[in-house]
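Read through the structures below before going on.
Paired with chain B in one complex and with chain C in the other, chain A is shared by the two complexes that follow.
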Partner chain A sequence: MSNTTTMKSAAPKNSISRKSGLISATNSILSSIVCIIIGLLVGFIILVCINAEHAGEGFMTILIGGFNNINAHARNISKEIAEAAPLIMTGLSVAFAYKTGLFNIGAAGQYSVGALGALYFALVLHMPWYICILAAMLCGAVWGAIPGLLKAFFNVNEVITSIMFNWIALYGVNELLKNNVLGKMYESTKNKTYVVRTTSAGSAIPNMGLDNIFSKSTTIAIFIAIIVAIIMYIIINKTTFGYELKACGHNKDAAKYAGINEKRSIILSMVIAGALAGLGAALFYLSGVGEWNPNDSTACPAIGFNGISVALLAVCNPIGCVFSALLISHITVGGSCLATAYYQPEIADIIIGVIIYLCAFAMLFKMLIGKVVKVKSTSDANADPQIELHEPDSDKEAEKEDEE
Partner chain B sequence: MLLLIKYTLLYGIVLMLVALGGMFSERSGVINLALEGIMSVGALAGVLTLCILPQGMAPGLVVLISIVVSAVAGLVYSLLLGFSAITLKADQTIGGTALNMMATALAVVIVKVFNGSASAKLNYSNNAFLIDIPVGDDKLTINVFLFIGLIILLLAFLFLYKTKWGLRLRSCGEHPQAADSVGINVYRWRYIGVMFSGLLGGIGGFAYVIPSVSTWNFEVGVTGFGFLALAVMIFGQWKPINIFGAAMFFAVFKSLANIADSTFLAGLGLSKNVYDMMPFIASMIILVLFSKNSRAPKAEGIPYDKGKR
Partner chain C sequence: MNNEYIIEMLNITKEFPGIRANDNVTLQLKKGEIHALLGENGAGKSTLMSILFGLYQPTSGIIKKNGVEVKINNPNDANALNIGMVHQHFKLVECFTVLENIILGVEPTAAGPFLSTKDARAKVMDLSQKYGLSVNPDALISDITVGMQQRTEILKMLYRDNDILIFDEPTAVLTPQEIEELMKIMKNLAKEGKSILFITHKLNEIMEVSDRCTILRKGKYMGTVDIANTNKEELSRLMVGRDVKFEVDKDEAKPKESVLKIKNMTVPSKVHKNNAVKNVSFNVRAGEIVCIAGIDGNGQTEFVHALTGLEKMSEGHIEFKGVDISHSSIRERSKSGMSHIPEDRHKHGLVLDYTLEQNMVLQRYWEPQFQKAGFIKNGAVRDYALKLIDQYDVRSGQGPVTTVRSMSGGNQQKAIIAREIDKDPDLLVAVQPTRGLDVGAIEYIHKQLVAQRDKGKAVLLVSLELEEVMNVSDRILVMYEGELVGQLDPKQITVQELGLYMAGAKRDEVPAEV
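Showing the complex of A and B:
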């Protein structure tokens, strides 16, 4: 008897909590969409300010993104897909660390070191592509581990550390590549590293026939990225390990009190985040989307920093990262398609910046949207406390009704 | 040696100005990660002013106007951080990062529109800012920001420790609830802290770009100087005089890259990349040594909510 009552009261509660979870997920998506729309509007205003005559046309170019000139050649859409894959990875890197309460602004540095690992195994050792990918992940993981260790044992703010390590990585990788310290990787006539596909064909990520539809740089990288995103989703949401990481993120002291080794969690989280960023670099350079230019020593790789945008726009949901990476890649490619006579491709970066700035207070949008949605689902919201206040008599009555 | 002193003073003053800005913001309770972006915006505004002002203008006036414009631009940009971090109680780290990303893109677009071409470089004349002091046969070139910086350092110290306003500002960063309970408007003081940081960050960005070169490519922002300033601030333990010392210490490392080719260091055969790495490695070591017993303002990074007691 008592068993059935608990089960009965548990059943509707569960469904409601799932429902409210669904509502909050919808709210997150809605608030992200609001951020995107406002960001695009700001972009439009900037376009009008710069050149009002062509603003509409320019705005459409950004909106269409990779689908510009799709009939003539598939170059833009190929670029969009090929650049989305590494973006998904750096986005996952930031999102994963954020679940443990760490802001991994160092994805750019981990990405640089990962690139070094991938290029070394590909151009010097001529290893098959999956070994190169593993090497890149290992390099990224080591670079991510250092800020994690410093945070765990010396209480150094991981934001500052990883920024410092971004620059150290950039200068270090440039130095090693340019002077061919580790082996012949730098082609001085082109000011870039050697092309992976021509130097060591086995090290390039296979196309599996995608190059018939798109360009050569469109490989199975995008599928690898999506699979990793799903794995990350499962780790964060369905495993004890993921639960421990999240517990550390919510309250470090409470997690410690509950018997979770918080130092281990912080370090492991940064190791995995670093490995993800390193994998992103492997997907970029082993697909041949571009080559590393060691003379560019003034800015860390943009894909690393845009990972932050991807993660924040996705509210740190791994599956959401796939979509937000595609969107950001879309806008960036759209920006590069703008007619340079009237506009600057960096307008796309401003739009992304505005979107992230808005994401910082997405909670506010979430609350506003929540209020609107609440009006619709007032009955559900009220149902929750009522179940707990159920008196035994009414429960029995309900049972009787059920039996009938 | 004179070259080393020149660059150390140049970079040291920049780091000190920006770190003092960060100090005001953090002492009031707001982590200002947007310093890098604020510096870019300040530099952009100052340099653009230099380019727009007519040629024949008195040098003193040119210097004054461009510095004021850069400070105001930094202040206005920092209000964006204040709005999200104080009024909307958003995550301060994310807001700051977004502002950094936006600043570089904004600067590039504005410069390109100004140039009317695809180049993000601006040329300017910096003679009005430089002062030569003869030392023996040689001369030591210093710039006006050295004096401005020292005056600001003195004012910052007096403001923070010798006035009631300084006490109010600090109390908002340590225990905003207690401050509020004695009638201090926490929101207002946090805005003031952030605005100070914008002001100093703007001047700092301008001071970084102007004296050393006469062309600046805005695609590179300010090459991580805002973040170095944050490390300086932590090393300086959020205190003006300590920040001055820390800034000079870092500046020596930063200068090594500039003087490597022309001095005894060339004999070591190290490349520019190695010297470029040095200030960052030095700051890493310093942070490891000093973060354990850090005296950071207790309430920094936590948005103040009146309803939460």
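Showing the complex of A and C:
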């Protein structure tokens, strides 16, 4: 009997939660969109400043992104999709660690080590593609685990260690590849590693017919990435493991009090983040989007760092990462289509930079949008006086902060 | 005639969408008096003070200073009218010294941008002598006690020549000794002509220092009374709207077998080289409330942490229900039937950014009842949270999906108590369970503790409040500098005597077995 009464009261509360959850999700999406629009506008202004005559045309090129020259074997759209897949993974890597309160700035290093793993298993051992993917994930996981261990047991800041590990990974991988220490992987005449698809066809990620529509580098990688994003979403939101990780991220002391092993959570979170970044590298190199150039020793793989942008724009939501990665890939490809006589392709990077910069204000936008929505629905707000009793306080806090 | 009042808030009404936080409230502060503002959590005290401090504009009503109507649009206006406020949570820069914090915002300069603290230092030292607020101006805020931090806040107001001082629940964070000191300081300030508004829900303090008291209940003005002509019972009736019992109703304890046996526990300190807990041995039996009394910082925190597994002990044994749990993990101890209401509800007790329902299962989310193959059963969690909310009357804006951060302190504490008691523990460790709560909530929590005892459970209460120690416990153990210095019977001892034990002036041998 008591069961029926609780069920009765549960029904309206359920609808409340769904409604408020929906409003907050909508606000998040809206605030991200506001960031994107302002970022694009700033990009347009920059285009005007550089070359006013061609600004409109250039701006359209960026907006169209992968849909430029759609007839030429859909080259651009292929590139956009192929590059989005690894970007989703590094975005997920950053977003996942962030849920445990860790800032995984080391996705680039985990990505590099993952690339080495994937290439070694493909070019030297000629393993099937899924084994190569697992190898890449394992390598990335190991590389992520080290900062995790240092953080858990010695409280060494993971930002510092993972930045250092980025460069160790990059130079280490470059040396190993260039000198063919692990086996023949480097084609010195082309300054790049061998092409996976021609050296070991079985190690390339299958196209499943996608190459009939798009170029060869468009494989099922994008689907793998989307599936992994969904799995991550489920882990974070639906499982006890996700509950523990988030508890650690929000309040380490309370997590410990509740008997959660916070050291284990930190390490596992970094291991998974590393594996995700490693998987990203596998999706890139095993799809043949490009080959590794071990002579390029000045920059860490951009996909690793762009993962931070992807995660920030997605407010660390795994599903959001899919869309933000596609958007960033879209704008980047658009930038590369710009007529180089007038503009540099790096304009796209500026636009992305502005968008990410604005994401720091995303909370502000979210609040403003929230206020607008609230004013519109004040008639709903008097459901329970207790709600309002506390809200004045939070408003007061916000105002106080404004004062300071 | 008008000038009798330094500040008048007349017929103030403040409406928020859907609620009237203040409904026709009048507050008149005389020059040189200590005026208490009394009300339960959520009665509208903070809103009223925010209006006076310029954070909100009243929907209707006027504010007068010295009989002249004034507009206070922001805190700067309030400052210009010499209104200062000590917030409940101090607004100090941790890595600055006391002096630097005091001058922050009104930094005295010499020759352009260069800071000149000489005069400021002299003024601060003068003030601290005049009002008996001794502080070390060069100590870092992070190094000094909460009491000292509060003095810094008071000096901040005095340095700005404020003469209307608002104290927002100033005693919530203080030890009994510090409270006594603060009361003296407040009386001194009033004697020197400062007018004080004292927001609190502790009746004893009002009776001790205030001249008059204005009472709010659910936003409504209940009246202003002269403290000389009233008593605690009348005040609490005005505040809560019903009679509140200060004495805890309970029968004689019927203790049974020992549930918890602690032998020679020693816990190293994190702050200094000495041991925080030294060779402590005692038992707790089923069906009794044992209280560890003592002044804050005498090893109680470390003791509880070692008992619940948050910290490691260097020596000793803990036996719980006949099993040695000295080296068990926090989870194992919790599983075996130990519940812990932590001292710091924000640090340990709650994940503030989780919803109420997520916090309700913080200790049990892994039980088969709430998860299957690692997936959380949302329906079961929701039903369980609704049950606890209903049973323990936890109030919040959106029920189980309220973010706990937005809830009032009293309801946050109720949520923890609901969670810990509903685990049906054999031993309930409650550390300062009523800290910062109003009388209604305190009465409720005390009832719950006694109910646990009467169900035959063991309760270990750690408290700094003498009244709580005397009223609730069946047996008192006094902890002084990490040692047990006395085992006392609350029915046979006076508060004064207990104070002597707590201050280390008196001690006996404490038998390990009861």
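Basically, the second predicted complex is superposed on the first by the 369 of 404 C-alpha atoms of A that agree within 3 Å, B and C clash if a C-alpha of one lies under 4 Å from a C-alpha of the other, contacts with A are read in each partner's own complex, and residues count from 1 in each chain.
The working rule: a residue touches a chain if its C-beta (ideal position, glycine included) is under 8 Å from a C-beta of that chain, and two chains touch if they have at least 3 such contacts.
On a predicted model such as this, the values are computed, not experimentally measured, just so you know.
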item: Which superposed partner A:Leu150 touches (first chain B, second chain C, both, neither); value: first
item: Partner chain in contact with A:Phe241 - chain B first, chain C second, else both or neither; value: second
item: Which superposed partner A:Thr340 touches (first chain B, second chain C, both, neither); value: first
item: Which of chain B and chain C A:Ala325 touches, first, second, both or neither; value: neither
item: Partner chain(s) touched by A:Ile222 [first = chain B, second = chain C, both, neither]; value: neither
item: First (chain B), second (chain C), both or neither touched by A:Ile88; value: neither
item: Touching residues on chain B, where the partner in the complex is chain A; value: 33, 80, 84, 88-91, 93-95, 97-99, 101-102, 104-106, 108-109, 112-113, 118, 217, 219-221, 223-224, 227, 230-231, 234, 271-274, 276-277, 280-281, 283-284, 287-288, 291-292, 294
item: Residue ranges of chain A touching chain B (in the complex, touch as defined); value: 46, 50, 103, 105, 150, 154-157, 159-161, 163-168, 171-172, 174-175, 178-179, 297-299, 305, 308-309, 312, 340, 344, 346-347, 349-350, 352-354, 356-357, 359-361, 363-364
item: Footprint of chain A on chain C - complex, ascending; value: 16-19, 21, 42, 46-47, 50, 55-56, 74-75, 308, 310, 329-332, 334, 340, 342, 347-354, 358, 362-363, 365-366, 371, 374-376, 382-383, 386-387, 390, 395-401, 406-408
item: Of all residues in chain A, those that touch chain C in their complex; value: 6-7, 9-10, 13-14, 16-17, 20-21, 238-241, 243, 246-247, 250-251, 253-261, 378, 381-394, 396, 399-400, 403
